[in-house]
Amino acid sequence: MTTLIAICDFLAKEFPQSPCLVEAIGPQSATVRYQVDTQSLRPGGTVSGPVLMTTADVGLYAAILGEIGIVALAVTTNLNINFLRKPSAGKDIIGECKLIKVGRRLIIGEVALYSEGDDRMVAHAVGTYAIPS
Amino acid sequence: MTTLIAICDFLAKEFPQSPCLVEAIGPQSATVRYQVDTQSLRPGGTVSGPVLMTTADVGLYAAILGEIGIVALAVTTNLNINFLRKPSAGKDIIGECKLIKVGRRLIIGEVALYSEGDDRMVAHAVGTYAIPS
Amino acid sequence: MTTLIAICDFLAKEFPQSPCLVEAIGPQSATVRYQVDTQSLRPGGTVSGPVLMTTADVGLYAAILGEIGIVALAVTTNLNINFLRKPSAGKDIIGECKLIKVGRRLIIGEVALYSEGDDRMVAHAVGTYAIPS
Amino acid sequence: MTTLIAICDFLAKEFPQSPCLVEAIGPQSATVRYQVDTQSLRPGGTVSGPVLMTTADVGLYAAILGEIGIVALAVTTNLNINFLRKPSAGKDIIGECKLIKVGRRLIIGEVALYSEGDDRMVAHAVGTYAIPS
């Protein structure tokens, strides 16, 4: 398993402007945090859909790096997201990611997204990643 | 919560030819079994995709009946399914369903599908159901 | 491009009990028909969700066979379907399929589903297929 | 049908920092442009996944505003996106959106995404929006 530090270093180089941080890497899993600022908000005081989609995508990418190492370049081929509840405006978004299939060519994982400190899921995503041969 | 017996009676009337049985109903959850026979098999000895989709759909429907009662007529509006591994030909399909949002108008749930006796998920589905007003 | 006759022969051997017929094969496209009988109906007089999913899956499979030949064994990895309107009980389901990406390893296509003789889409599906190397 | 100017004014107030412009509104359809800048790029010189998802979401939202007027507040409930080809780094992303169901409570549409000037689809999305009663 790749270390958390190696993954954070890699992502910081790949996505230098990203407000999305990897907080933990486990076996076929990762936890990520999107630091919500005023740019991520929509009128009415909620976090935008693209912020949730980004968190899901980065989180699954981090879980894959943890599993297969930072050399491979996984490419998202499908993302399906259901928006369940309005996230809180003032809270970071936390993504709990776990891989449900690690194949040689395709890796599939799911993500539960929360507003920090609230255990009701705000969105749920499933993503597929192709691994180059 | 509606009882298992009431749900089985209702489904037996709604879908008289269905080979899909409800085995358990819990809080926002259900377990279903698709009795695999030769009709459900594909050459090469595996269970067909439509069998897995049917199990996911019936399982989520059962979990919804358990939650909101058998009077309401939920309608599937979206189903997204990922096929992860080849199911075993000689085994029933088991679907473990849980609802992740129960709204007044939309209910969303996810399903993990297995070949009986094997703990590696063969497919994963997420479905949305509209509840008539 | 593989001929319609070769594809029908192949599918008849692969899925001998299937009520789903291939009606036309074109460049990266196919038209299929699901012959609706009493087994495919639900109380209230409508065609079941699994019938629509099956039609989408078979239709995309046929379009892929037309494109890459009948030797390869494509495997469905993802199917996402939206149910838009109640299909008519007494009408066959027609699926108009077109491939939107033909890669070496993944093929993706979309399907518009209709009740025969009615131009309002009853369902829309997008599917991904993995091609073995 | 709501006019293009009214929709642009509304979106400019709702999403003041958005780099996504509405270029045309038609019957149950819209065309949008995401102005790609260095922030939207990933190492390797391609447009990021979240940019494509944002374009799909904004485009469907614009098509819905065109159809039902700018007073209603549609909420995205599901977005499914397939990434088909690497978009060109130096080109804007164009989204061609059309609604496939306009119901009282749910509106569903699909989006074909392109790099400007290239007719090969780079991504395809389907989204569902709930309309408040």
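As written, the chain order gives the labels A, B, C and D, with residue 1 at the start of each chain.
Heads up, the rule we're going with is that a residue touches a chain if its C-beta (ideal position, glycine included) is under 8 Å from a C-beta of that chain, and two chains touch if they have at least 3 such contacts.
Keep in mind that this is a model prediction, so the values were computed, not measured.
Here A-B and B-C were compared by C-beta pairs in contact; the pair with more is B-C.
When chain centres are set by their Cα atoms, the one at the greatest distance from subunit A is C. Centre-to-centre spacing of subunit B and subunit D amounts to 33 Å, using the average Cα coordinate of each chain.
Distance from the subunit B centre to the subunit C centre is 22 Å, each centre being the mean of its Cα atoms.
Averaging C-alpha coordinates per chain places the centre of subunit A 28 Å away from that of subunit B. For subunit B, the set of residues that touch two or more other chains comprises 77-78, 80, 82, 128.
Those residues of subunit C lying in contact with subunit B across their complex are 13-15, 17, 39, 42-43, 49-50, 53-54, 57, 75-83. Interface residues of subunit A, counted against subunit B in their complex, comprise 80, 82, 84-85, 100-101, 108, 110, 121, 124, 126, 128.
Across the complex, subunit D is touched by residues 77-78, 80, 105-106, 128, 130, 133 of subunit B.
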